[in-house]
Structures are given as structure tokens and as C-alpha cells.
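Once you scroll down, you'll see the structures, which are given as C-alpha cells.
Across the two complexes that follow, chain A remains constant while its partner is chain B and subsequently chain C.
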Partner chain A sequence: MANRCYINSLAQVSCQKPLSDEWFDSPCLYLEDYVRAQEPDTKDLIMPSESRRMSKILKRTVSTAITALKNSEIKHPDAIITGTGMGCMENSEKFLIDLSRFGENCLKPTLFMQSTHNTISSLIAIILKCHGYNNTYSHKGISFESSLLDAWIQMKNGMIRNALVGAHDEVSPFMDLVLERTHPEYSFVSEASVSAVLTNNMSSNNICEVVEVKLFHRPDVKELTNLLDKNIDNVLLLGINGNTLNDRPYENLLKALSYKPHTLQYKNIFGENFSASALGFYVGAKILEKQMIPTFLSWHNENVYTGNLEYVTILNHSDNITWSMIRLKRV
Partner chain B sequence: MADKVFVTGAGIISALGIGKEATLEALLNGESGIGKIPHIQTEHEEFPVGEVALSNAEMSRMLNVGYPIDGLRTVLMGIIAAKEAVESAGLTEKELRKAAFISGTTVGGMDKTERHFKTVFDSNVETDDSLELKYNDCGYSTELIADNIGKFNLITTTSTACSSAANAIIFGANLIKAGVTDIAVVGGSEALTKFHLNGFNTLMILDKKNCRPFDKERMGINLGEGAAYIILESENSVKARGASILGELRGYANTCDAFHQTATSKNGEGAYLAMRKAMDMAHLCPQDIDYINAHGTGTPNNDETELAAMQRIWDYELPKFSSTKAFTGHTTSASGSIEAVICLLALQHGFLPKNLGWHNPMKEDAIPVIDDVDNSNVKNIINNSFGFGGNDSTLIFSKFIKENG
Partner chain C sequence: MENLILQLKNQIIEVLNLEDMTAEDIDAEAPLFGDGLGLDSIDALELIVLLEREYGIKLSNPAEGKQIFKSISSIAYFVSKNRKK
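And then the complex of A and B:
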């Protein structure tokens, strides 16, 4: 696995200012338990005739994908790989509402056509006319990491040179109410759409390098602590959300570590959803690019971090069943 | 980078029955599993489907599982097929601990969701029915299947509509080649739901008669359901375990038609590229392909463009080909692995599955397999799976011939 994998560009839509890094200096702070994403201005990104027919998640996806590609050196990625926990949920929801209200005889084809999880990845391919590898992962809170792992191993093995990787999830007001019941480990809920251009090409425009991507199913704490190296993994970016049910597994891991890393969070300003970890990836990359840690990301540290910002290690779990580890390195 | 990926186990459940033996018997006897709808609650009884004969209660009793699995058909079928696959490969608990489990589905727990949705929506989520919606997402069904099979080191879910299982197989093979794992349990599971039966109906691509893939008069799809998993293994692991080999996954490719969300391009660009690239990986030329298990859904659009793509490669000398969808129905996300198991059975037992329901050629020289023929020397099989969004994937399974010494 001789090839390298760099992040060449990134774009996000979330409850922070869309397609922007403004959150880094002045984040929007919310008191609500649930906030929808700030919609991006699509007029320079999508033709109005196309935009009208797109659901929210599709508009956000196209906005982040086109923006990330515009800011990168790649126009036609070899692979388009997408993670989404719920897919085009709002269209599925509308189809289910129609089904329960009007029965089985006057349903709308467009809702069904744009309800599958892979609608997202294939729409980008249709717009870009990309005939290459195209895949979609839908596995709860590690949907993004599954896509990243797919791209990463293909790039390391020379099967592809570059890839557009992302994760996208929308949460309707109805789904938020459902999530309150079904996911008691959540706290502040919002939406996420993140696109990243990855390349094996070394360039001064690269943001950072992806040096490790690992997924685990029901790991022992020991398996996770063995992964972490006190000389490398000094800065841990965790999926902490302020809810004990979610945070306890991270705390147990930190207790079992033989050293004390500097610990950071991101869900306090970006919120929780199945694609939240993609925002963690985005935040980690931005920290390395800007060589600075915004104070509001600090979690339970006694001091300000003064060490080298060589690596950021992102740890995430979904229901404490699946775990992921992504190690980013400064370039 | 590990070169070879072998298949060392397989399991299947579909309208043709439970397990490889029942499937083989139905295929050899030309007995279709398509019939009237017995299980799902729908007004659309005019559409024949390929449902698994067992009810949820019967499968739950058979597996000795309770809530919430007893209400999740994708999970129940998935456990049955994955168990058979793991047992046929003789994998131990310890070996499964280090293995990956990659499953494809799109429906996930939609069957449970659609039963509870109205109550939840009308009651503003106050009711406990809302808890049932937890199982809607695809990942949950993969987790529940995995928990009933083994511990696994890595699990995830692919969701690319009707090519989901094929893409799970491709990801599993890439994980083995990258050295992330030596063994991967890969495939897919998908229950028939009112949701997608109605969805396909809005697209007006369901046939009220039994489907007739590659027939001039074909009118559309019969939906089906089922699950199938195969065991992929690295050469080192096969040697170390002394495992018997069912076939080699010699090539594969995932491409995108990049044309339309639910229609395929006229010249079948995605399908063409998928077959071409898979042959490139396998180091095979078109003449080496002995049989194509086509996606062949029976819609006017799919079969026309799939045939166009095949003719771009083989011109008028097409290899033997057939669609087995008239046996199983279109098992959507599971079709990639269900048909992979059918291909492996064909390699092992030296037969080619017939294209049931076929009468009239779409084009001259485009006649699928309709009679029993001696195919004992079939070596390389192409297995196509195409999904909405132009997510096209091709797998190539080859007979494993032990080298001398």
C-alpha cells in the first residue's frame, strides 16, 4: 500500500454558515435541541430548473460536491463514494404519508425515484458525467467512515487516483421527534452535508493527509487503546455530545489510556445525526490546515494545547457497537 | 497486495426455497418461485411476486429469535442465508471474530416502519409505536444479522438499490486485497415491502403476468425477495484452513451509467464499462466468457440496453446468457448475491439456468438459454447487477481448477 491519500478540498453545509469556514472564528451557537441546516445559496452552483426538482438533501449534496470540486485540482473524480444513514429520508417520509393517507393508488413516482440512499451519489455522477466507481454506504453513525475506508484502500492500492467522498443526512421535524424516542443517546440534533476531494497527488494545495482509517465492530477497550500511540495521537477529536449515554464509552476509553491526550469535541457546534462524523473529519482537517484549535472545541482539558499540531485523531462510535478511527496528518 | 479472492461458502433463501439444495433443484427442474402475494398487505394483488414461502413467525421459530427480529423480514432471511454460508465454509467462532461482514440492503427495516408509520405520524410520536421506527435504517438490519452469526471485526452496509449486494461483494474483495481482512462474509438481504411494490408501480414497470426477460413482448418486473451471502477468502487463509473452493472471484467492476435516476442510457454505457473493466481485472477476453447471468429485469428499458451493451462487446456472437429473474423475481438489493450463488451452483454442477417465460427474440441472434444443454466445461461466468441511479456492477466467477502438484 505505497500510495498516499491527501485531502485536497472540503465543503460543508450544516447549522453553521454553509460553504464557509466562518464557524472557525465565530460559530453560531444554538439553545434549541434541534436546528435545521442553513441552506446554501445555490444560484451559482445548480441551474434553477434543476434545483426546483431537488429535495433539500440533494441541493445540499450538490452544493458541497460542486464547491469542493471547484476548489480542488480535480474535475472528474475516479470515484464518487457517499455515506448516508437515512438516505433521502424526507422523500421517503412524504411517500409514507401519502401511502397512509391516500392509499395505494395515487402515489407520486418522483418521491419514490428520489427516495433511495444511492440517489445522492448517482445524482453527482449524472451532473459530472462520471462513469467511474460509484458506491453508497448506509450504516448508522459510521456511514461516512465506511465510504472513506472504501476510497482510502482503493487509493492506497492504486485502484483509483482520486475520489469525491462525502456524507449527507437530513432530519425533518417529524424525524427529529422520532429520533428523540429512538436515539436517547443523542442531544443537540442538526443536519450535515460534507464533501471532500481526496487525491494521491502531493500538492501544496493539500489540506492534510489521511494516514489511517479503521472500523471496528464491538471492540474491547483494549483493542482501541492499543491503536493509540502517545507519540502520535496527542490530539483526539471525539464524538462527545454532552449526553452521558453517548459520552461514557469515550470516557472509559480515555480512562484506560496510559497517557493523557488533549481532547476535543465538535458536536457542540455542529450537532448530532448519522453523518455527524463527517463534520468531525472536516473539523480535524481544518485544525491541521490552520494550525490552530478554536477554544470552543476544547473538552475537559486543564490547559491550552501547546504541543505540535502534527496529527489529529478522530474517534467516533455509533451506539458503542461500531467504532471508527481516522488519523489525519499535517502536510 | 493479495491477488486472488476465493469463494469458500454460500447460503441462499428466495422464492425457490431455503438453501442451496432446494435452489439447485428448482433451477434444474425449471420451477419458478413466482406466484400470488401471500404475505405483504397490499391492494395490488394483480402483481405476481417471488415471496419466500415462510412467514415471519415461521422463520422466527426456526431461528429461535424474538423481538425485534421477529418483525424484521430482511433480518430473518439474512440470518438464514448467512448461517448457511458460514456453516458451508466451516468457519469457526475464532475465524469469524477476525472476519468482515458486509451486507447490502435498501429496504432495511421498512417493513416494520410501514406497519407503524400511520399510528406514529397521526399521534405526533407520543405512542410507543415510534420506537419501532428505530429499525428503519439499513445499518440496523446488518447489525442484527451479524449478531446472530458471529462476532466479526468489521461490519458495514452498502446501499445502491438493486446492485447493493454486488457492491458488498466488491467491497469485501477489496478489503481482502488490501489486507484489511482475510475472510469476508458478503451479500445482501431484502424483504418485499408495500413501500417499494408501490414505488415500482408508480414507475409503471411491474408486469401483471409472469415476467419475460429478453422477450420481445416483455412488460416489466415481478418483484421478489430473499437473501444470499458468500464467503470470500484470501489465498493464504484458504491454504491455512484447508478450505474447499467453490470458485474464484476473478474480476469485478463498479461503474456508473451517469444518465438518469431510473432509466438506462440507450447504448448501455454503464453496463458496457462494468463488463469491460471486470474482464480487464480478470485478464479475460470476451471469448473466454462462457455464460452471462444478466441483470435482465424484464423491463423494456433494462433488457434493451443490457443487450446493447453485450452486443458492443460480443457483436453477434453473444455468449450463452439468461436472466434468472423469472425464477426468483427481482430480489432488488439481494439480487447481486442471490444470482452470484446461482452462478456458483452453475459452475459447480455444470448446468446453465434457463431464461423462463421467453418466447420471441428481441433481436435476431439474441436467444437466451432456454433448453438443457451440456455445459460441463463452463469456466468463466459474468454476473450483472444494475441499480437505480445507474449503479452498475459486474462480477466474474471462475471455476477453480487445482494445479498439478
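And then the complex of A and C:
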């Protein structure tokens, strides 16, 4: 496992200004419980003949993927790996409503093709003409980490040199109603599309290094604290969202640690959805790149962080069943 | 026939999501595929579904498709002769 895994570039579309780092200095603040993503300007990124069939999530995905690749040194990644909790939700809704309206006789071809989860990853491959490894992980709130782990293991083992990894989720008004019932622990529901170019090539353009990616199924608190206690220089970026049901497991974990880490949040400005942890990954990388922690990310800290920003550890859980730990290192 | 051509133009704009186009922009005699509107095979499938849903026409012979979908005028002619709705 001698190979390294660096983040070479990143792009996001969310409720913050799309394809931009403007949120770092002046974030958009919301009081609503449900906020949709700010749509990117796709005119310079996608040809009109290609975009006319694309739903919102597909336009966002292609925008982040193309922007991340444009800003990177890689044009044709060896692998395209995508995480998505619910896939092309709006197209799925339209497809089913349409099918029902016409007596379940006729399928609308475009909606049929573009309502599956793996549409996202395959569309990027078609546009980029990448015929390499292409995979989609759909594991609720841990989908992004699953795709990142796949890329990380393959890069560490020398199976691929680089990868385009991302996570994309849209939340339609109908789905927001469903989430209210099925996920009461969510507050401030939003949408996310994040693409990251990973490379094993050491370069001055790299943003940071992904030193560790771990997934845990129903972990013992001790299992997590043992790992965190090893790295006491950590800044912890947590998936807390202001809802007790979601936040209590993080608080229990922090209480069990042998030290008091500097704790940060990101869902207060990016919101909650099945791909939110990809935004955590993006925020962690940007903190290391800019060597600065915006004050609005601070959570329950008595003081401003004054130590070295060498590492950021991103902790996330999905329903307190699956946990993930991603450790980023400054380059 | 002119009403049917206008109706087809509007339905095609909606079904194929030709956002920046209006019925006036489409020449009823211009080819739909390749040059002209530049439609592709997925659009052809959408047009087949459109004829079935809106006019009750099932294309039994796929070989006919090339001639039927040559232009808006040819579709209108075919619909006027075969429509069940």
C-alpha cells in the first residue's frame, strides 16, 4: 500500500454558490427547513443538444465533474465512481407518474433511461468518453464514503492511477415530505453534488492527501475512540445537523475520547441529504488548502483553533448504523 | 392539416424538451434527423410513444419509420390517415 492518494481538484453544487468557494468567506444562510441547490450556469460546460435531456441532478453532476476535471491535471480518469442515496429521484417520480397516467402501457424512453441510480456515473463516462472502471454505490448516507473507499483501495494497490469520485443527490418537494416522516433526525434538508479528482501523482497542485478511509458497521464506541485517540492533533469535522437524534451519537463519542478535539460542522451551511458527507469531504479539503477555519464552522469550541492545520478527520454516520472516518492531510 | 402540423410541432417541442425553440422556428418540410432539427435515435423512440399516446397509432412496421419521421409534414400526413384518437 505504498501508493498515495491525493485530492487534485474539487467542485460542488449545493445551496451555496455553485462551482465556487465563495461560501468560505460569505456563506448563504438559510432559515428554511428545505432548500434546493443553486443551479450552475451550464452554458459553457454542456452543449445544448446534450443538456436538453438532462434532469437537474444530471446537469449538476456533469457541471461538477467537468469543472473538477478542467481544474485538474487529468482529462480521462482511470475510474469514475459515484455515490448516490436516491439516484435520479425527480426523473423516477416523473417516470412513475407518467406510467400511471397512461395506464402502464407506454414507457417514456428518456425518463426510463435516466431514472436509474447508475445513470449518473454512466453519463459522465459517455460525455468524457471514459471506458474504464465505472461503478455506483447506493448506501443511503454512506454512499459517498463507499465510492471513495473503492477508489482509495484501488489507488493504494496500484490498480488505478486516478479517479473521478463524487456523490450526488437531489431532494424533490415530494421526497422532502417523505424524509420528514422517515428521517425525523434531518433538519435543513438540502441537495448536494460533489466531484473530486483523485490522483496518486504528487504535484504542487494537489489540495491535500487522503490518508485514511474507513467504514464501520454498528461500531463499538471504543473502536472509534481508539482510532481517534491515536491522532490527537485532529480537527474533527462532524456530520452534526442540529437535531438531537442525529447529533447524540457524535456527542457520546466525543465524551469517550481521552482529549478534547477541535470540533467543526458543515451541515449548518450545506444542509442534510444522503450525499452531505461529500460536502464534508469538500469542506475538510478546503480547510487544509486554505489553512484557515471559518468561524461559522466551529462547533462547541471554547477557543479559536490556533494549532497547525495538518490533519482534518471527517466523521459521519448514517442512522447510527454505518459510520465513516476519512482522514485528510495537508500537502 | 395546418392545425395538425402546429399541434405536432408543439407536442414535439414539449416531448423532446427543445427548450429554446418555438413552433415558428421549425420548418415543417425540414428533415428531423441528421440535418434540420438534428434529432437522434432516442428522439425517434419518443416520437413513436407520442404517436401511440396522442393519436392511438402503433407502428407495426419499424421499416416505415424512416419515411414517416422524415419531417413534420410527413408525420402529419401519416397521422391524418391513421389516427384512432
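By definition in this document, the second predicted complex is superposed on the first by the 320 of 331 C-alpha atoms of A that agree within 3 Å, B and C clash if a C-alpha of one lies under 4 Å from a C-alpha of the other, contacts with A are read in each partner's own complex, and residues count from 1 in each chain.
Please note the rule applied: contacts are C-beta pairs under 8 Å (C-beta built on N, C-alpha and C of every residue); 3 or more make two chains touch, one makes a residue touch a chain.
What you see is a predicted model; the values in this text were computed from it and never measured.
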Applying the touch criterion given at the start, work out whether A:49 contacts chain B, chain C, both or neither, answering first, second, both or neither.
second
According to the contact criterion defined above, which of chain B and chain C contacts more residues of chain A?
B
Go through the superposed model and pick first if A:102 touches only chain B, second if only chain C, both, or neither.
second
Could you look at A:143 and tell me whether it touches chain B, chain C, both or neither (first, second, both, neither)?
first
In the overlaid three-chain picture, which partner chain does A:113 touch, first (chain B) or second (chain C), both, or neither?
both
Just to be sure I read the superposition right, which of the two partners does A:174 touch: chain B = first, chain C = second, or both, or neither?
first
Per the contact definition in the header, classify A:274: touching chain B only (first), chain C only (second), both, or neither.
first
Can you list the residues of chain A that meet both chain B and chain C?
105, 107-109, 113
Can you check the complex and tell me which residues of chain C touch chain A?
16-20, 38, 42, 45-46, 49, 52-53
Okay, in this complex, where on chain B does chain A touch?
1, 42-44, 101, 106, 108, 113-114, 117-118, 120-121, 124-125, 130-131, 133-134, 136-140, 142-143, 146, 151-161, 167, 170-171, 174-175, 177-180, 194-196, 198-203, 254-262, 269-270, 273, 387-391
In their complex, what parts of chain A are in touch with chain C?
48-49, 52-53, 102, 105-110, 113
Which residues of chain A touch chain B once you look at their complex with the stated criterion?
1, 80, 84-87, 92, 95-97, 99-100, 103-105, 107-109, 112-119, 121-123, 125-126, 128-140, 142-143, 146, 149-150, 153-154, 156-157, 159, 174, 177-178, 180-183, 215-218, 274, 318, 321-322
